[in-house]
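Next come two complexes, and both contain subunit A; in the first it sits with subunit B, in the second with subunit C.
Presenting the complex of A and B:
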């Protein structure tokens, strides 16, 4: 160490210990920076861009994007198509999510044992979740084809008439609910299995000693204690239901006559086939707000009742 | 339209070739300095895709400095949607196949370049048939050069007709004729899952509307005719095939290709579809395939369909030059003959029929000339910007009518009003 450095006064900012502390504080942020940059570029910037476009009129091609204020929102809220899409999406979510969760819980309780049959069934039920949605939709389009499909062929063996699975507005939505539930059920089951395995076995033993019947044990022990998992699945499933697109696009394209026209399908149609990116963006913003509102609602109303721990 | 051998024009043809070669050399002098890659989006798979690949290979062999990077990006609707998204992202291709009624919006917005500087100096301009040259013109400028041109034709399965007891010379001229034959097939063979006719797809619907002496939009005045009496009558007939008479499967209403696929699988007696389906239809049905002209319910009229290749304004000048060389090559008699004989799309070049491969097809492939013979009463279709919107929206209207969910007149009146409003918005 030279005399010159020895003579330099050690200020608060340049103190080596202080520098180390600062670096230690900054390290987590620096490590998170690349990921935050990625999220900002691919999530927050597009959200801000969509918000901006929702107040403009644009067809992707014009050099100008004139400001139209709330016109896009007003036109959407005045349109029959928008309210139809909202209704169809809500029906889809309200029907498909509870059915899926109830079925998944029931099946998961039956697959808790570590037998080879259970393991095989878990794998088999999970397969649709990792299968391409487009492939599933194409296959089911043929299964439910009116004149050439397997379902009507089976009905025909029993002397029953043709069902217009994808042409009857009263039925088409149910077909989509069935196909979507079939695809997602395996995922729900696996998550429920993880939740069920976390329930202490002592509780079942105690219930058994108290003479609890299977149904009562299920209702009083299993269902309450698996509630955090149910809550998680509920949040994920409702968001997924509101964002469903691929199955609709491949199987019905929102038809017949709007009977399966869900919000994201309408968003794609308005933005990418009818050249109105302003209205499409407005629809995306409405969907975003709706999902946030639903998440907050679920958190406030259900969230408190989920956990048993203090 | 005459497709004779025109032997007397040999000298002119030779001169045109020399002029063409000079033009290509001139164009080449600006592009051969460096290798160019032209990204080209198209919509052809299967046999059509193979024929296109052969044309591209021939082009690259003749033009060593240019590579055509061809990508099949889906059907005409998909191309419109993907191009629309690719442009603001600066990911647009250099050349693109665009359906003949749907490029107007892109031309109007300056996405496609005016090809006049190339086209006017290219002998190809005089080689093309009038109908083919016309499809590329929007507001007096040429934006696409035709590649695949078509008209709808009536295909039927002879084996199904025989089994249903329908004579080969049964009239198929009017709506009533179509209905009567469809009913007989469905009655006789319905137990085997065979239906009379495929639900008409959008191109066929447009053809049947023209046969009823109407249109969706008047190609000269631009007047919207969606709610004209004859258009309503045509839609009422088409919708009745599905929901009233049940001679067409509703599967083909919600998924238009299902009707065609069922015909190819021998499950449908008749199909009205583009002549571009000739190749796959003969491959599927062989000698059982019969091709007939479109019906003439009130008048004989067919729409001209298909697509042409346009060049994007966002590409570098050198790449545009290279792209035009390919566009011109693809419409040459040699390339067009390969395309025509493989797919059934009509010749667009007057010299195509003299090419050996095309002459063989005309001689040995029965029915491949039906579309060509219809050109006497073929009509170009309008292509103002609103057509893209109208065609995208029409599917939902058709579903509502064909499945019997809404009254035809009510649907078309509402649809016409919306189309007028949209046209007004787009013109602003």
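Presenting the complex of A and C:
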């Protein structure tokens, strides 16, 4: 019996050394165990305990955690704060995602060639998506600061007055959308480039032979053929928008007057500054259900249509 | 776009510079004195870096970030590679369930685990410790999922030849699979390192002691120390921000290709 068959230990039954055989049978379990231990301890058990805590009332300190049924959910769904956070998050997603994707696709079609200019541009555009979000938020806090910021300085050159970018409830969310788009654009472009490379060039040639103008070719050939990529990015970006926290925490803390209070920001506030574990957990469970639904939608609808492996 | 057209090339470069101008200017600003910044003159200095590293303890935060991100990357890669090997090469009872549980972590938003993990670590006395920052971050199935796909593409004949020579499973993994899967493992390592380097919410939750801050938390706190906008020492804050960005930036310039591939792999998520 060769050791090679041990790769499928269940198929062969006889081995002279029973002890080694047992060890070999156990091999895959031993190999997978460390990762599964971590996943169980820090992902699956916590999901169950979030669910459990969401039915209880607790403040981190008191010795008892009385069962309160659906009260935490009821309180949340009745609160203006929750619906405000949902609204802000939805606006953020609905406005930022389509604009970003359209821009990313337009730029990606121009950066297909392997010239040094387009390589450099791809690098420059991609850089923010691997850069620290905190640092980006800090830098843009300066860009949009009222008195010494870059934006108001530029407005000043044109003789325009100061804008209170982050203090005006009408504007603050747009600033966050801008910053988040600036950071994520490069990622979208890279994914679009992968999608565009999969389109056979003959299709472009055929379209241009037919006398199609550039925009026509873009609309009739490029856009429909990268649709799977677009769906993929759309769902990914909406999921990501529902988890935005860092730029909110650093730039606005959810203010002014709740104008930028997105869901995870509310979760952090309720759980870790108000120490309302029950409601914080209920909020986490609602977010979880929403995002799982989106993820299931993604894998059901998109299935294996979008697949990048280099 | 053709690079031979110099006009287009110049325009593209200008657009790229404009796009990155906030970050480029923040780096420039970090080398200016406060007075020069507020009066709009030019006066180079390293005092912002000296203050950030010394007085404001960013040397310590840098060390903490390196330790945490480094440990998460090494431990994460080790457990992921072993699990990926098991999932790719063995057909064992419960294997599919385990693999399913691993893949499912890709769609689970990490925020659901925030409060319970905080409670677990508090009970274990691991808040304000490296272990508290490192352990929860290992609970991520992405690297295992990706490496499993990669390992399945390696011909089994190579394993079997090694088994014939009397190697055991660990030796096959280490001497046959790992060397071949090296590019994939490296890309994953970069991906994990950068994600962990930039992680903010978990260190924010798990760390209260100032000397355990990572760079991200330290930078956010430094900026927030004086919320009154006009008294912010921007050149100092930008020096701290540059320290936070620089390691990843340098790494990016060195291995851009690997990184882009890692991110594209991330797209299967």
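Things worth noting here:
Basically, the second predicted complex is superposed on the first by the 254 of 310 C-alpha atoms of A that agree within 3 Å, B and C clash if a C-alpha of one lies under 4 Å from a C-alpha of the other, contacts with A are read in each partner's own complex, and residues count from 1 in each chain.
Everything that follows uses one rule, which is that a residue touches a chain if its C-beta (ideal position, glycine included) is under 8 Å from a C-beta of that chain, and two chains touch if they have at least 3 such contacts.
This is a predicted model, so every value here is computed, not measured.
By the touch criterion defined above, A:146 lies against subunit B and subunit C together after alignment on the C-alpha atoms of chain A.
Measured by the number of subunit A residues touched, the leading partner among subunit B and subunit C is C. When the shared chain is aligned, subunit B and subunit C each come close enough to touch A:272. Using the contact criterion defined above for the overlaid structures, shared-chain residue A:255 touches subunit B, although it does not reach subunit C. Look at A:301: by the touch rule set out above, it reaches neither subunit B nor subunit C. Of the two partner chains placed around the shared chain by superposition, subunit C is the only one that A:291 touches, whereas subunit B remains out of contact. By the touch criterion defined above, A:34 lies against subunit C but remains apart from subunit B after alignment on the C-alpha atoms of chain A.
Contacts of A:42 after superposition on the shared chain: subunit C is touched, whereas subunit B is not. Counting contacts by the rule stated earlier, residues 141, 145-148, 272 of subunit A appear in both its interface with subunit B and its interface with subunit C.
Residues 2-4, 6-10, 24-25, 27-29, 31-32, 34-36, 38-39, 41-47, 49-50, 53, 110-111, 113, 115-118, 120-143, 145-148, 150, 182, 187, 190-191, 194, 232, 236, 239, 242-243, 245-246, 249-250, 264, 267-268, 271-272, 277, 280-281, 284-285, 287-288, 291-292, 295-296, 299, 306-310 of subunit A are the ones that touch subunit C when the two sit in their complex. Here subunit A touches subunit B in the complex through residues 59-63, 141, 145-148, 164, 166-169, 252-258, 269, 272-275, going by the rule given at the top.
For subunit C in complex with subunit A, the residues that touch the partner chain are 1-3, 8-9, 12-13, 15-17, 19-23, 25-26, 37-38, 78-80, 82-83, 85-87, 89-95, 98, 101-102, 105, 107-120, 135-136, 138-141, 144, 149, 156, 159-160, 163-164, 166-169, 173, 194, 197-198, 200-201, 204-205, 215-216, 219-220, 223-224, 229-230, 232, 234, 237-238, 241, 244-245, 248-249, 252, 256, 259-261, 263-265, 267-269. Interface of subunit B with subunit A (complex): residues 77, 80-81, 84-85, 87-88, 105-106, 109-111, 193, 195, 249-251, 253-255, 258, 262, 265, 267, 388-389, 392-393, 395-396, 399-400, 403, 405-406.
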